[in-house]
Each structure stands twice: as structure tokens, then as C-alpha cells.
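The two complexes that follow have chain A in common; it is paired with chain B in the first and with chain C in the second.
Up next, the complex of A and B:
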């Protein structure tokens, strides 16, 4: 039985739209029943909630969910749930079925004001609790007088609320507290040496043991998704370099692919190969930074410099070809912006030649150290089930033995014609996550080695009209960024600017398991776990 | 070797000859006070540069290079900067204890510095229980750290102070036991006598196996005592921003900073006195010519060279190893090092009793 038939049987009122991914329209009252079936029915078994996209279609508010079935060849499905009530929009939560929805639904609430029935902690995620209005709604009033810059100290917001459906159908808000009375709460961040950016954790501790971690985010949120709605497609590209700046090429690659898919553009072969090589160079540079920062956070300052020494070579390569060391702005719609620098092949080969030796050095100075092992082995346990439930993709998920590499599951660019292994380790701890990264550097080198001598001649970009317009519709594209699966959702109404853009960033999910991983560990482990999960804050605060 | 006592006695005689005894004593005290503070500052400045240069070389860097030749004047620039910085006072702190804490720490390390002999007769405090006195004074330093952490009224500093208390009290045991092994070997606690007994052969060679074990235990415990990596948990910058001295600024922070470097010198100095002969040159019995050449090198140079060598090893630890976790650190002390040090003390006693030493 096909997915379509199966869903029709469960929910006869559902309608379907064909597209790049099958879309199911479900009335809000039937959504909860369908969600349970999607998760538990063996015929459907969509065990990964890939993306949650809040939407404002003007006449209605709603959510588009993207699911992936790991047991059915990574088949994807999207579900659209809409409610017409703009004052008090309610949708049933799925945060108990897919744990990743906990933070995702809070983000949707924050920006669209949709309240999720049964969600345990319905607070805002990025904005302050006293913020007026919901910024991503189309009728949002951005008048600064409504939300003046506060001049008083921010109070710690311990109040939360949970909406429960009463037997008679009415919905009641039940207030709650984030921390218990008498909890000793230590603030880690937003300015802290080891949060890798402006991130804040509030940790309830007992002596040295962490009892609970509350993530307070949004200190550098730039409202990229809102900004995109007022800019043309070529103009929104540069935002992607500024989200996860360590996956700048991959993120931009993803957005370009999504726009190209919508336009039906065919990319010249040379551009495809160049993009692939750049993605892998970016991945190596990202993992080197991760190695350095993990070592640094654990107090091994010298290893940090070793990682940066090699990363410097990659940045030099980028600088020569792209003109920048960070925020490269290299991919454009239809290809890449500039041809490779004449030294490119020579420089890349020099890097590939030294990497194996340098990796050995890293293992000697850090990975093999008894203190480093004691600090990381068994710390921050994340089982495979939890990794899937929390949608922890990328090296962190693969450290829990979950095969989730987008390059293998949905091959794109030149990945279907190169040989490489998906690195999987079953340690489920910080050490496994760390080691996956180190081994992925080897695999990335392998990919580049296969491509570097086979860069085809030809154009570096396709012919693209001066004004890019997408037909009405919606598209979702994924790539494997340095930290996990990065997704882009674009909805267009046929105009020059997108109707809605959503970036599904891997780090947003990573920070969602901080509480789960840190509980029962020590304060020092909180830092280790954060370092080994390797989240980048601008990727969370888009 | 040259006896520095000749010089001090000459000054003493000169002063007593022209003024009453109390005035002479007063002047001597002032001179000594000035000298020790001067030595303290110069050593601290040297150590800051020493560590910055060493860590730079470990990390494929050059270190400070701009101020003066090879950055030699950088530390003076840093010192003046820290002297002119504002002392920020905070709301909610215990003002008196907050200001007292850095002075307790600096006093304890100055007193320890005064106990170290730099050469024959070149020593300020000479007790017959010298080593015991040093251990006692070093314990006062932890009080300053606890006070600093508590009076700052900050959660990070409090956790840092708690860790520091647990760490220093624990590691003092192994430190003391390791030194006791040498006291058993020497039969005295007087530092001058300890050094004098090493004229023939350093203690680390005299007591061979148990002395080497005691030396290793001492170096590890000393690293922990000085709160240096991999045992820098009280100020673990990646967890607690700066631990117990997070809230300090200006010269009050400078005191913590100086004391940390001076403590590094002091523990290295004690190691050099107890295991490597202090200011005593390297002698090999029977080779008289060689011994005479060694004797030409002045005592203070021997002492400093040995101390700097041990400091080098401790700095090397810091820039190589990751930081241990609090439970692992306590487990290392109570489960491994302390029992080991106790057994070692007994072994040393047996060696001494049966005369199995060199």
C-alpha cells in the first residue's frame, strides 16, 4: 500500500499535492491522530521529523512538517496543517512523538503565535517574553515604539505555560515553573569563553552535578527569514554564509540548489565539481576548528593551535579563489561566481599531502591522551533512538551509530560519482562524536583526491535571467553541512521575492539535546558535551 | 664555596658598631624587606615572560616580540598597565574580606620565598623545622582563595573556591608525605642541613628508588598545589571564566597573578632543595677535578637553574595536557597518590633503617 492510500485510510479528509515531496493537507482536528499513525504505523514509520516550518498564508496560519522514514529508503513526506483563527490559533503538539519538535514548536510559537496544545513548555524561544507581536506574521507591525529597547535589567523568566485540552473541548493554560524553588541555578553565558558564541545556558546544579539545563537563545538572532521575504533571490544568498559560518559553502550550495530546482536550471558540470570540492574543503576546515575548540574547552590549549595551523591553509585557498576567508559568497544561482585561481589545484594537493601526517600528530597530542579520553569517553550519552528522535544529524548523530549522511541518502552534486565511507561509531558519547569528525577529515580528503584532477573544463555558471522569479509553489532541499543536514524551504507566490524562506539548521537540533545529555553529569562535562556536539550559535539564532 | 654569611656578618658588625642594637636590627629588617620584595617582583616578571615564551614555542608561535628586543620589555609594560588599572568595587561583595584575600595570598607566598636558601648563608629565615614551616605557611594561601571566592558573591567564584579548597587540602597530603620521605632520609627538617647533606650526592640519587618515586609524586602534587594545568580547576577558564578571581581587577587581580607565578617558583625551589641539592653543585665522589669545576659555578646559579628546570617541566604539563575533572582529580589523589606516597614513606624508612641508601 502506498503512503497516499495509507494516509487516506487513516484520515479520509486529507488532500494531496504532488511536488518535489508529497504534501498532505490535514485539517487541524485530525492532525494529532495522523501524527500518531505516522510515527507508529509500520507501513508509514516516519521516524524523523526533519523540519517544522511555521507559515502565515494570510487567510490562515499553520505549520508545514517534513518527515523522513529511515526504514523506507529515506522517503520524505510533508504535512500541512492550517488554522483560520488568527487570534488564538491552536494546533496539537507532536513534541511527545518527536522530541525534536519541542524547540521547533517553540520557535513557531515565537514567530507566528501558534500555540501547541499539550506542549510542556510553551515559552518564546528567541525573543523576550514581553515582546509584543509575532514577527514572521505578514501583518506584523514593526513599529519600534511597540517594542522599545529595554533600559532595565532583564529578569530571569522562570514562568512557563502549557496548554491542555479539557474534556469539553475548551483549552486551558496551566502555568508552570522552569526551575524548582531552591534550585541553585548557574548562568553559563551569554558571554562565556566556552559557549562558542553568544549562547546562554541556565544550569541547575547540585554541588558539581548538573540537574537541568535550560537553553536561552536569541542573543544574536538577526531575523534572516523575515529579511529574506523583502529581498530578491540573488540578494538572499549572502545570508547563508552568515548562519553557520563554518558551513558557508554548503549552506549556500543548498539555497542555490533549492532555487535552481524551482527554476529548473541545469548546472554546468564544472560548477558541480567545484561546488563539491569547496564543500569538502569547508568540511575539513570546520572539523579542524571543532578539533581545536574541543581541545581548548578541555584545557589543552596547544592542540588548538595545531588545528588552526592547517585550517589556515584552507582559508588561504578560499581567499585566493573567493576573495574572502570567511563569508566567501562563492556559490550563485546557476553555478559559482568566479573561476578557480590558477594555484588552486597545487594548493589543494599540498594540503592533501600533509593532512595524514598532521592527523597522526593530533591523535598523538590529544586524542590518545589519557586525560582527554577520561574526559570524553562515556560523557554525554546519546542513544541511537534519542539521536533519531531529536533529529541529531551530522557527525554528532553518526557518533551514536545513526547512518544519516545526506550525501549518501539523497546524493546531490558530485557525491554519487565519488567513493567515500560514511563514518559511523557506536560509542554514543562525546569521544565518538569527536572521533567521527577526525575520521571524516580523512574521508573528505579522499573525496577531494578523486575530484581534484578531474575538474571538467567549461562554463562556471549557467545562463540565469537578470531578474530571478520562481513559479508559485514550494520546495525543500537538503545538503550535508559540516554539522548535519541543512535544509532550505522556499515558498513562492510567483513574485521576485520569496513568500517564505525557512532554514532548517542542524545546530538548532543539537542544542535541543543539551538538557538530555548533561543531566547527571558534572559542570565540566557541560562544556565537554557542548564542545563535542559542536554547535555554532549563528546557526541557531538565524 | 663562597659563604655569603661573611657579607651579612660584615654588614651586621658595621651597623652595630655605629648605632644601638635595636636600630641596627630595624635597619636590617627594612633592607631585607626591600630585598625580598624586589626579588619577588623580579622573579614574577621573569616567570611571566618565561611562561609566555615557552608556551608560544610549544604552540608554534613567537610570543611577545614587539616591546623591546624579543619582547623582553613586554612584562614591564604589562606591569605598569596593571598598576594603573582601576580597582573596581562591586555591589553585594563583602568589602573587607574581598580586599583582604589578595593580601593573604601574597603574604603567604612572600613568607615561603623568604625560607628558600639561594646559596651558602644566603637565606632569610632558617628554622630547625624549616620544611614543616613552609608546608604550614603554604596552607595559609588556600584561605585567601576561599575568602576571595566567598566574598565575591558570585556563583562562579564560589564553585572555584570550593574546588580549590578540596584540591589543595587533598594534594597537601601527598606533597607532605613526599617531602617526609626525604626528611626520613636526611633525619632533619632544617633546610640548611638538608642542603649540606647533599654535598656528597643529591638526595634523589642517595635515596634512589623511593626518592625518585617521592620526586614524581611531589612534582604532580606541586602542580596541583599551585593550581596549574592540568589541575587548574579552581580557575578553569572554560568552565568558570576565571574561577575564584573572576571579580578582581587591577593590582588585586595582579596579586593573584603574581602569587601564582611565585608559587610556581617556590614549589620548584623546594623540589630543587629537597631532591636536587638546592644550591649545592653536582658532585661525583672521587672525581675531584670535576667537583672543583662544578664548585666554581656560584650557588645561586645552581639553585635557580634547578628551580627553572622543574618549572619548565610544570609549564610543559600545563600546555600539553587537557584539564582533569573534579572527581577524577580527587580520585587520583585519594585512590592512587596518597596510598602510594604512604607506602613510599614506609619503603624509604625501611631503606634508611637497613642502610640501603648511597
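Up next, the complex of A and C:
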């Protein structure tokens, strides 16, 4: 039985829209029943909640969910749930079925004010509790007088609320507390050198043992998704370089691919190969930085210098071709902005020639170090089931032996014509995550080696009109960024600017497992676990 | 920046330039084998401060990664005495704001600034810290850190190259070399303004 028939049987009122990903429209009252079936029915078995996109269609508010079925060839499905009530919109939660929805639904509440029935902790995620209005609604009042720059310190958000449906159908808010009475809470951040940016954790500890971690995010929430709605398509590209700045090429590649898919544009072969090589160079540079920072968080400053030595070589390659060391702004709609520098092939080959030797050096300096092993082996356990439930993609998920590489599952660009192995380790701990990164550097080198001599001649970009307009509709694309699967959702109403853009960042999910991974470990290991998960904060906050 | 002429009631301004007797004294001492050098106390203090500027680790986004490159071997900011990046504002000399400051972070930044010990300086590094950069029109971005704390040096760029960061840091050094230890510290926030905002600190002042 096809997915469509199966869903029609469970929920006869559902309607379908065909596309590259099947879309199901479900009335809000039937959503919970369908969600349970999607998760547990063996014929559907959509075990990964890939993306949660809050929406404001003006006449209604709602959510678009994207699911992936790992057991059915990574087939994807999207479900649209809408409610007409703008004053008190309620949708049933799925955070108990897919744990990743916990933070995702809090984000939707923060942006759109949609309250999720049964969600255990319905607080704002990015903005302060005293923020007035829901910024991504179309009728949001952006008057700066309403929300001036705050001068007072933020109150600790200990009060939370959970909405429960009563037997008679009414919905009641039940207040609760984040921490229990008598918990000893230690605050880490937002200005803390080892949180890799401005992230704040509040950890309840018993002696040195962590009992619970409350993630307080939003210290670098820049409102990119709202900004995109007022800019044309070529103008929104540069935001992606500044979200996860260590995956600048991949993120931008994803957004370009999404727009190209919508336009039906075919990319010249030369641009496809250049993009692939650039993505892999970016991945190496990101993993080198991650290696250096993980080491530095454990107090090993020397390893940091080793990692940055090779990273500078990659930055030089980027600078020659793209004109910048960071925030390269290289991919554009239809291809890439500039042709390769004459030295490109020579420089890349020089890098490939030294990398195997240098990797050995890293392992000698750091990976085999007894202190590093004691701090990382067996610390921050994340089982494969949890990795799938929390949608931990990328090297962190592969350290828990979950095969989730988007380059293998949904091949894009030139990945279907190169040979490489998906690195999988079954340590399920910080050390496994760290080792996956080191081994991925080897694989990235392998991909580049296969492509560097086979860059086809030809155009570097397709002909694209000056003003890009997309037809009405919606699209979702994914790429494998340095830290996991990065997704872009675009909805267009046919105009020059997008109606809604959503970036599904891998780091957002990574920070969601901090609580799970840190429980039972020492407070000092909170830093190691964070370093090995390797999240980039502007990617979480967007 | 002009250096003001000092005015002291009991001494004419021209007399400041009459250093003959000091020169004679130095000559005499040098002749007998004593190694003596004369200079201004300000010069000594400013030489010390400007060559051991300790930054506070305060990176919110992309610029922080470029700042890490400054710390690594290729750019090596230890050459200028900037390398001792501190994690506590109480041990640091200046904040280099690397990245966007959003509404939620603003009170934390002001608090960090207040916690820095005098003399303290602020560098706004990168487009976001200078003016809000590409996120200027956002609903929750502070368009320029000079809206909330006084800034000494602005470094434009997105992100600035390491060389540009060095240039900015050296501008700060130049600025420090002109300040006077006894009065006339080179800061933009007037001390009275500070005490008006923090009445409990004022005491007898």
C-alpha cells in the first residue's frame, strides 16, 4: 500500500498535493491521531522529524512538518496543519513522539504564538519573555518603541506553562517550574569562552554531577528569516554565509539549489563540480577548526595551532578564488560568481599532498593522548535510537552509528559520481564524534582528489534574469553541511520576494541533546560534550 | 587629538621647556658612570599599557573566528602584546566586540563593560558591531554597539581581515599613547555620566 492510501485510510479528511515531496493537508483535530500512526505504523514508519516550519498564511496560522522514513529509502513526506483562530491558535504537540520537536515547537511558539497542547515546557526560545508580539506573523508591529533595547537584566525564566486538553474539550494552562525546589543551579554563559559563542546553559547539579541542563538560547538571534521576507532572492543569499560561518559554502549551496529547483534552472557542469570541491574544502576547514577548539576546551592549546596551520592554507585557496577568507559569498543563483583562480588546482593539490602526513601528526599530538581519552571516551553517551529521535545528523549522529549522510541518501551536485565512504563509528560518545570528524577529513580529501583533475570546461553560471521571480509554491532542499543536514524551505506567492524562508539548521538539533548527554556526567564534562557536538551558535539562533 | 597645554599657577608655561638643569644633571651622572635616562611618567605608563593590551574573549559570531586566527601562529598577536585573552572582564583591558549584538545580549554587554577595570577601551569589530551590518533592519538587532557603550575604535569589514584587526588595534595603541595618567584619560564616557548611571559607586566623589 502506498503512503497516500495508508494516510487516506487513517484520516479520510486528508487532502494531498503532489510535488517532489508529497504534501498532506490535515485538519488540526485529526493531526494527533495521524502523527501517532506516522511514527508507529510499520507501513509508514516515518522515524525522523526532519523539519518543523511555522507558517502564517494570513487567513490562518499553521505548521509544515517534514518527515523522513529511514527504513523506506529515506522517503520524505510533508504534512500541513493549519488553524484559523489567530487569537488562541492551538495545535497538538508531537514532542513526545519525536523528541526533536521539543525545541522546534518552542521556536514556532516564539515566532508565531502557536501554542502546542501537551508540550511540557511552552516558553519562548529565542526572544526574551517580555517581548511584545510574535515577530514572524505577517501583521507584526515592528515599531521599535514597542520593543526598545532592554537596559535591565533578564529575569531567570523559572516559570513555565503547559497546555492540557480537558475531557470537555477546553484547554487549560498548567503552570510549572523548570527546576525543582531546592535544586542547585549553576549558570554557564552567555559570555563564556567554552560555549563556542553566546550560548547559555543552566545546569542543576548534585555535587559535581549534572542533573538537568536548561538551554537558554537567542543571544545572537538576528531575525534572518523575517529579514528574508523583505528582500529579493539574490539579496537573501548572503545571510546563509553568516549563519553557520563554518559551513558557508554548503549553506549557500543549499539555498541556491532550492531557488534553482523552483526556477527549473539547469546548472552548468563546471559550476556543479566547483561547488562540490568548495563544499568539501569548507568541510575540511570546519573539521580542522573543530579539532583545534575541542583540544583548546580541554586545555591543550598546542593542538589549536596545528589545526589552524592547515586551515590557513584552505583560507588562502578561498581568498584567491572568492576574494574573502570568510563569508565568501561564492555561490549565486545559477552557478558561482567567479571562475577559479589559475593557482587553484596547484594549491589544492599542495593541500592534498600534505594532509595525510598532518593527520598522523594530529593523532600523535592529541587523539592518542591519555588525558584527551579520559575526558572523552564514554562521556556524553548518545544511543542510536536517541540520535534518530532527536534528529542528530552529521558527524555527531554518525558517531552513534546512525547512517544519515545526505550526500549518500539524497545525492546532489557531483556526489553521485565520486567514491567515498560514510564514516560510521559505534562509540556513541564524545570520542567517537571527534574521531568521525578526523576520518571525514580523509574522505573529503578523497572526494577532492577524484574531482580536481576533472573540472569540466565551460560556463560557470547559467543565464539568470536580473530580477528573480519564483512561481507560487513551496520547496524544500537539503545538503550535508559540516555539522549535519541543512535544509531550506521556501514558500513563494509568485512575487519578487519570498513569502517565507525557513532554515533548518543542524546545530539547532545538536543543542537539543545537551540535556540528555550531560545528565549523570560531571559539570566539567558539559564543556567537553558541547565541544564534541560542535555546535555553532549563530546557526542555532539564526 | 590635541594635547592640551598644562596650566599651573606658580609656573609659567615657558618654564616647562627649560630643561637645562636636568640635562646638566643627567650629563653629570652619566659621566660618573650612572645609567640614567629622563622621560615623562606618562610616556612610561602609556608604553606599558599600550604594549600589553589584554582583550576580553567576547566573540558572538563570525569575527570571533578571524580573531582566533590572530591568536594562531600565522598572524600571532603576541608580537604586539595582545595575546593574553582573558575570560573575565576584571582582568581585561578592552572589549573587542566581534559580532552582532542583539537585544537579548545588550544588557550582558553593558554589564561586561561596567565590570572592566579602568582604563578600559572598546573596539567595535566588523560591520554588525559598527552599525548592525547586514542585519540593521532586523527587529532585534542593536544597530551599532556605540548606541549602548562608548566605542574607541571602529574596524569595518565582514569580517575584517586579520591585518585590518591589527590596524584597528594599533590605532588603539596610538590613542593610548596620547593619554595622560593624571587627568584626561582618553575615554568618551565622562566620569560624571558614569556616576549618574551608577549612584551607588559615587561615594564622596
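We take it that the second predicted complex is superposed on the first by the 542 of 542 C-alpha atoms of A that agree within 3 Å, B and C clash if a C-alpha of one lies under 4 Å from a C-alpha of the other, contacts with A are read in each partner's own complex, and residues count from 1 in each chain.
Methods note: a contact is a pair of C-beta atoms (placed from the backbone, for glycine too) under 8 Å apart; a residue touches a chain by one contact, two chains touch by 3 or more.
What you see is a predicted model, and the numbers here were worked out from it, not measured in a lab.
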Which partner, chain B or chain C, touches more chain A residues: C
Chain B versus chain C as contact partner of A:300, first or second or both or neither: first
Chain B versus chain C as contact partner of A:83, first or second or both or neither: neither
Partner chain in contact with A:208 - chain B first, chain C second, else both or neither: first
Partner chain in contact with A:309 - chain B first, chain C second, else both or neither: both
Touching partner for A:371 - first (chain B), second (chain C), both, neither: first
Touched partner set for A:387, first chain B, second chain C, both or neither: neither
Partner chain in contact with A:193 - chain B first, chain C second, else both or neither: both
Touching partner for A:413 - first (chain B), second (chain C), both, neither: neither
Which superposed partner A:222 touches (first chain B, second chain C, both, neither): second
Contacts on chain A seen with chain B and repeated with chain C across the two complexes: 192-193, 305, 309
In the complex, chain B residues that touch chain A: 55, 58-61, 155-156, 159, 163, 229-230, 232-233, 236-241, 319-328
Of all residues in chain A, those that touch chain B in their complex: 184, 186-187, 192-194, 208, 295-302, 305-306, 309, 365-366, 369, 371-372, 374-375, 522-527
Interfacial residue positions of chain A with respect to chain C in the complex: 126-128, 135, 140, 142, 147, 149-154, 190-193, 197-198, 218-224, 226-227, 230, 238-239, 242, 245-246, 289, 304-305, 308-309, 312, 315, 325-327, 537-538
Chain A-facing residues of chain C, complex: 57-62, 64-66, 68-69, 72-74, 85, 87, 99-100, 102-108, 110-112, 134-135, 137-142, 147-148, 158-159, 161
